[in-house]
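Here the structure comes first, spelled out in structure tokens, and everything after it is commentary.
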């Protein structure tokens, strides 16, 4: 599958196949602003390293990227501080849910990886680096706007506030990290930045475009701008493969065979190394918090394109 | 890196780079017969889908493949019973050591994946399927001989007996599985077959050759014989990527970027989808039970060849 | 409540109160020989330090004492080796079920206390002390016969065999202990002795009589024979109070207020320091494996006598 | 030991025996205001149901009672809402440290018992009951003043603020409880009241006096005022016996044999049912957070008086 006509055909075929499934799963109800989203939506976008884009369905409808933002925050921070990050967060699958606190106690406040909530808070703490929360939020939004080549990407303030008001589980994790000395900035500031970058709204087309550097060894293939090093790009992909879907990462690797990151807003980002970035969105979630139809669409897309890395 | 001259050069270069490191790490001391192996050995073999082989160091010295045998047992059983296996064993990283029993209690006797000890025992139970242990051992040895295209592959009886006499931890796991009804055959029989397939001795050249079907969508590229389906081959690779090194799987994915499986005998098998299978061996282990020099050699080999899937 | 007329009246009253409840709960079904016992039975016996005995119901019907035997094994071993036992087993409540293996992994093979299964196996290992299983079984039976002043107490061979054939969970625990070097004798021998002392059959009258030394600072108040030291007697009572009912020990302390030990055969032993020993039996169990009617009877008996230590 | 001359002699003897030990252990360093307390202090007070008091050492020096306050908060709340409390908190030993969050996740936000931090927060939430924090703090201080018959008992504001500023672990627990719907009041309010009642300062004489109702079936034996019911009094004693010292409760029961509650300020309260209440204080702690010299003094006092309930 090399040509763009084929890609458009495959994307259209996957879209058609998903029709009967759209609406399945349940919407994340612990964030009120997300609970109101209509489940019966599905969007798909593929951006290739050659500069082609194929979309289907609601690919222009913005959604809350939630945990997918962890990938961009991690890229920013790895570029700033490099391997020093790994003193404060691990690189192993947790074998647990996204918000589990159990391992954090037995492992003395060092989160298993930067893609579970606790790990992303440590990343966010590095991003803050003593600044005011607004400065850190601005930096990550600017970064994503540059990556997406689209200045309209922004935070949904209603979602950010909604999380801040009900995010007791995340507040528990952040205080726990701070108790172990693994947050340098005030708990409130870390949570504020964390909730804001999780509340970034993007559509599938923007998201696939923004992540394209991860398919091209760290360099934006369209603009030719280096975003991060090849080795960092590879490591982020490796983390998405082993840890991108919490305690359902193995199933995703088995079914889809691509590095990916899901968000409870129903979006999933997947990277096809050397070829493309893919974004899917459909709000209904499975029990692991991954979009049901999104995962199915990626499985079919990988099967039809032969893009599995395995 | 496409040509065989280059491959031979790279293999030789990696061998040379490893020289100062050989001997590092500690030998698995809980299996007496393994504890006596000289640490100062290193072997490397690459078998490509085109039929080329490049080797360096002690690539012809047989070693105990230990947990690497789980990959072959899994292939055999998936071919026999297919997806029915996943009712009795999961596909997720455990986040725990290879012999941990903790999750097995909270998850009611269903092991996280078939590459940790408990999961491999469930696979072994399927392999037994009511037969005498000798029949099941014979089947898996025959299977590996065919894959390696070498009738000399065999079980090291001293290692098998050594494990049987001191394998209290594995006996604990097997009894636990049986208590939850997740073993159909007698505990003694399952352990006997398990200890025997772990005690298979192979050299790097044989091991790389035997696993080549996993680099070629389930078909042996040299003989053109279908060993398993493309989808099963991909799933085994996915499992090796996410679960192949127990609680150090994330680090291996990050550093090497290839599906792999380590054994406490010091061997590591790695698959380069669509290209090659690699076997390395050096007995000194890191704290996760993976060959220290072996992992380093694979990291360098992946860097020099650009073979990382990420 | 000091006089024996009163005691007989109270025992009769408790018996009458239990009538409508007898038969409630479920019988331990993992030991086939126990699963066949008729649930609709209830026995009660109180033996006082003054030499009085009051009984009601099926106080002369023998039942399998199961885990209650751990108290006698512990007494024997503490008398042999004293505080050295505490290097290999703790004295803390486990907060877990009787057969949990989770803590055993995180605490490196040292059971939390001698009244959970794993801890009782370590006690049994000390009892064996290199002898043949039959010798150790004979010693504990002789000990209990002397305590009960009744040479007819014996092991129910059907129950012992039944446990040996289906005791996979216990075999898992024993192998786990051995893997950590916390069993000196062969696993098979430890399990054999363990299953045999758990299969001792006694009736309520015998059991209350046998444990009377624990109500009298270690000395049999009837024969005037010292069984153990006052301090060991106090410590055994303390263990029964904090750990005697696994993860329902707190509830028992709260409701009954006496040191006690339950067995899945439906028996419960309770000690009234300085006054009496009580044995109740009714086969129906609650979810923690304690006799439902037995616990209720003890609660009422403690309320009517004012015997709670609190 | 019945007469007051003997009691004074024994208290003096215990004080003398402690001399060489005073200063052992380490001071709680996570609360700065506690870390500055001089370790070389020891106080002891016994208040009997007959109205006698015997003291030794620094029995008039006020110290931070910390977790001992949980006993008074629990008494107040059980009197207000009775058994309804047990829907939101258990009565079992946790087998874990005082601030562990692990069980809270697996048991869905229901703390094991009201004497670990999380459980005491649920009790505190009931105490708040929609009021302002100052009202709840005032109520518990008034309650303790009445019990101690001493209007000078008060909160040490420096300690309360110190905990509020560094209590990240407790903030983590409170947010976790709230995430599971097991706190009705705002997290900040619950923590404020919790930190304030833990920061109550009392001396040994006041503390023994205040807890005397627990030795007398719920009624203050000096004033003849009923504080709580006999059954509630017994249950609080049972909880102190099984859960009063976190993961060292079994050892305390074994060595001392009395219901007790320790605080990281170095105080320990112990109840002798039907006889007396005892308070000891010495700031140096063992690894479980219990006063080393305090526990030793109680062990000796129990041995010399024969007051162990076992």
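As written, the chain order gives the labels A, B, C and D, with residue 1 at the start of each chain.
One rule holds in what follows: contacts are C-beta pairs under 8 Å (C-beta built on N, C-alpha and C of every residue); 3 or more make two chains touch, one makes a residue touch a chain.
Small disclaimer: the values here were computed from a predicted structure and weren't measured.
Student: Sort the other chains by how far their Cα centres are from that of subunit A and give me the top one.
Tutor: C
Student: Can you check how far apart subunit B and subunit D are, centre to centre, with Cα atoms defining each centre and the answer in Å?
Tutor: Roughly 55 Å, centre to centre.
Student: What is the distance, in whole Å, between the centres of subunit A and subunit B, each centre taken as the mean of its C-alpha atoms?
Tutor: 32
Student: In whole angstrom, how far does the Cα centroid of subunit B sit from the Cα centroid of subunit C?
Tutor: Taking the mean C-alpha position of each chain, the two centres sit 47 Å apart.
Student: For subunit D, which residues are shared contacts with two or more other chains?
Tutor: Correct list: 106.
Student: I'd like to see which chains touch which, written out pair by pair.
Tutor: Taking the chains two at a time, the touching pairs are A-B, A-D, B-C, C-D.
Student: Which of the residues in subunit A end up touching subunit D in this complex?
Tutor: Residues of subunit A touching subunit D: 100-102, 105-106, 168-169, 171-176, 178-179, 187.
Student: Across the complex, what residues on subunit A touch subunit B?
Tutor: Touching subunit B from subunit A are residues 90-96, 103, 112-113, 233-235, 237-239, 241-243, 247-251, 253-254, 257, 259, 273, 308-310.
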